[in-house]
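Note that the chains take the letters A, B, C, D, E and F in the order they are written out, and that residue 1 is the start of every chain.
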Amino acid sequence: MRGLIIGRYQPFHKGHLEVVKCVLKEVDDLIIGIGSAQISHTLENPFTAGERITMISEALKEEGLKCHYIIPIPDIWNNSLWVKHVIALTPSFNVVYTGNPLARRLFMEEGVEVREVPMFDRRKYSGTEIRRRMIMGEDWESLVPPAVARVIKQIKGVERLRDITRSDELTHLRRGDISP
Amino acid sequence: MRGLIIGRYQPFHKGHLEVVKCVLKEVDDLIIGIGSAQISHTLENPFTAGERITMISEALKEEGLKCHYIIPIPDIWNNSLWVKHVIALTPSFNVVYTGNPLARRLFMEEGVEVREVPMFDRRKYSGTEIRRRMIMGEDWESLVPPAVARVIKQIKGVERLRDITRSDELTHLRRGDISP
Amino acid sequence: MRGLIIGRYQPFHKGHLEVVKCVLKEVDDLIIGIGSAQISHTLENPFTAGERITMISEALKEEGLKCHYIIPIPDIWNNSLWVKHVIALTPSFNVVYTGNPLARRLFMEEGVEVREVPMFDRRKYSGTEIRRRMIMGEDWESLVPPAVARVIKQIKGVERLRDITRSDELTHLRRGDISP
Amino acid sequence: MRGLIIGRYQPFHKGHLEVVKCVLKEVDDLIIGIGSAQISHTLENPFTAGERITMISEALKEEGLKCHYIIPIPDIWNNSLWVKHVIALTPSFNVVYTGNPLARRLFMEEGVEVREVPMFDRRKYSGTEIRRRMIMGEDWESLVPPAVARVIKQIKGVERLRDITRSDELTHLRRGDISP
Amino acid sequence: MRGLIIGRYQPFHKGHLEVVKCVLKEVDDLIIGIGSAQISHTLENPFTAGERITMISEALKEEGLKCHYIIPIPDIWNNSLWVKHVIALTPSFNVVYTGNPLARRLFMEEGVEVREVPMFDRRKYSGTEIRRRMIMGEDWESLVPPAVARVIKQIKGVERLRDITRSDELTHLRRGDISP
Amino acid sequence: MRGLIIGRYQPFHKGHLEVVKCVLKEVDDLIIGIGSAQISHTLENPFTAGERITMISEALKEEGLKCHYIIPIPDIWNNSLWVKHVIALTPSFNVVYTGNPLARRLFMEEGVEVREVPMFDRRKYSGTEIRRRMIMGEDWESLVPPAVARVIKQIKGVERLRDITRSDELTHLRRGDISP
């Protein structure tokens, strides 16, 4: 049996890793879909799809887990086509794991089996919280697998995120002057 | 003489129906353009273009009104092209009815005659208010034509809207984890 | 040596003009890139690319400045491709002038030299402030070069901006009814 | 029962009309989808979606036929999403009528019932043949319903097609000089 | 050292497999990029990205080869951005293997090291030839790894390709009638 | 009075230069629009918009001509919107110069005055012919202004075009293997 989980993984954290471990007890094969794959260098999506694939791949290797498929899923801005879009980009799967009610509904409307994913201390293990800590100079490394911390340092991810943040503050200050 | 009115109709409500009735006193033929046609399954745009066409068509039939043309208008994210985009998708028309100042300006800049639409208790007969009531479990059915209520029940529209809402709350809670 | 500066210029104001003058002391040739070129008729972007080109061109002529290249840069919604997109649309340049940290980072990640632009009373000489004054009926003309004020009057830019504003207020009142 | 037929209708001709009449014997409601809706002013697609809607609507009225839904379907350049795209833009339907093997396969892969459409002297009643005759100055009017001929004359459709043709010949002569 | 090879793999054949084997002698890690990922159900691109990922993955497994990354690359219709687009979607790589002069030039213009791929009986081991044989009912299975033949049979790929072909012939016969 | 001429300028040749000189006798200001601005590195469109702007700008300077505006016009794949798209990207103009019947018709349908451009030995002074000569190693430099020849050499344009050509031949040989 093959399962699919989809997230944006900005970045891939320990909560994500626990979900993967749980799901791997139920399925033989796992597809990890990387949502909003075309977006990077924004406050909510600082990392490119390639960087996120590297993070996930390194983190799984570090844990001794194998993962058959890690697949970038670009947005299509059309919810009614989204499930078909995911299906076209991935090997066939039997079940989707998601905790997101809209994703669950969209898959269910297409007749795909959906299972609830277990959540692990959501307020702490969250991309938003980790990015907030990166910007504020607080400890974020304890929330991600060691391999992910290494990748982020190598690509100077924290510096990038802070530049994006400063840019955004500036935008609020004098919106209308400089793009992007 | 042929007239055009454009709305998003999320959903088509009694205020919209009254506008249609008023306009039909002034024109022989009516085109109803469905804006943001490509969007669905969002808080502001829960219904697909096909579902909205069904709602409008059933509501007009129920009232004994005929409507020559109900036409989906996808967004183009470029206001300076929008009027030409509408013109290319619709039979030729003589006059546009709209209460929206931007739409009025865009049509006027293209030399199209624009008339004000009468409004009917705007705070009550509004898509936002109806969607709010659907989410909160309050009475919304009295604000839409009976045929529209039937269509929404048939497609389980209220359940869909609530799933979208829950998804959105979750996003605010832990934005950054699951797409879409 | 050829330099590049990019802004949205909604509208081109005296702060922009001072930046151009400063940069022209350091470079032989200047490219002015107009960001978000495809957007117009919105609160943040009321003017078309063509109108902005006219404003800049007239303002430079008025000051006796020559400007070799004024080039519209449409958005591409993909920050990782943005610098290459700019490069493909412009003559080759040696240095970029920008005060925006994200733009600086994106150009630096591509190996382009970036220099800080001097800022001139940012709170006053800002597109946002000028648009606010236009809407409120306050003095905005003293913030832009005379040639820009003339262009804006000729295209009835203030009236357009007010219609857009009224449209937006209406949207907040009864969002869900009329597109665009 | 509701049926769907899709064509490009460049222009709507007597062969199309016969298909509509046949299908109307089997279904209560009919949706006519207009494919490649965003294309116009080309050799293969001279008419806009709005003009094609007018042609079809007038031709059906002339024959005393009612047609509930005439809906423009823009292309999406992604065959694996195309059926969902059609479904999202149209009221729900029970059966699709098509003589096109790819369309049949795409609908079948989505589990939609497909029925063969009867064909009426395909070499004569064909959009390609009609457009060829328009360009060559031969009789084309006998191949379309009278209402369609009237619409085409009113919009100077033959002149437009000839200008497009001349443009295309020129392109072959000195391709590389003038766009579009 | 990590290498990248890109192809459309319609389908993945023994020539591709030999290239992979050769490259794996030179690099530690390999990224296989799947070009034109968003296209399927056409004569030149019958298979979806998901189906192609499955073919490649099964074929490598069958040979006892591991492959770290198989990544779909959608087209962007802009050659000057293409290399950056590939880089954003993939883990960082040191060298690209390609026999395609345009791809080589585009990577070289971005300063990426490019190595020639060895070719294996190009006229026989070619996607075009294999698709031709599928359509004509000739032997195609000997040209692809056994695992690929199994995947193609499972998804009824030959039947799909023939339907597409028939559709295309029909289009040539009476182009202008039925979309897609 | 301000005039507009549009071409793809792949590359800008002596025929184009003669047209510019003729038009400059009739208008005070000239806008040169660069069509298909987003395309480059193809057989028909080898040069980027930025490279073409450089060619035109240098060639005009060399002739002692001033040109107020050189503006890239990306394609929009929708002929019915094309004229509005051009208008939104350019300063206002009074007259369009074009020898292309489709462009003439599209502008005329929008009520824009169109004048015929004089042609100068079309078979010789043509982008297609110049690109053919570049590929074949024949004399092409005599067909373009000296400044354009310099720009093309500087960017190694002939080598690029030959790589694209070889890539294309390869595609015909074994289409289906390597993208782009």
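Everything below uses one rule, namely that a residue touches a chain if its C-beta (ideal position, glycine included) is under 8 Å from a C-beta of that chain, and two chains touch if they have at least 3 such contacts.
Predicted model, so just to flag it, every value in this text is computed and none were measured.
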Common contacts of chain C and chain F?
B, E
Is the contact between copies chain D and chain F built from the same residues on both sides or from different ones, judged by whether over half of the numbers are shared?
different
Based only on mean CA positions, could you tell me how far chain D sits from chain E in angstrom?
34
Mean-CA-position distance for chain D and chain C (Å)
44
Centroid of chain B to centroid of chain D, CA atoms only: how many Å?
27
Junction residues of chain C - those touching two or more other chains
38, 40, 48, 78, 80, 87-88
For each chain, which other chains does it touch, given as pairs?
A-B, A-C, A-D, A-E, B-C, B-D, B-F, C-E, C-F, D-E, D-F, E-F
Could you list, by residue number, the parts of chain E that touch chain D in their complex?
38-42, 48, 160, 163-164, 166-168, 170, 173-180
For the complex, which residues does chain E have touching chain C?
76, 78, 80-81, 84-85, 87-88
Complex contacts: residues of chain B adjacent to chain C
6-8, 10, 15-16, 35-36, 44, 73, 75, 77-80, 82, 98-106, 122-123, 126-128, 130-131
If we count contacts the way the header does, which residues on chain E are in touch with chain A in the complex?
37-38, 40, 48-51, 53-54, 57, 68-72, 74, 87-92
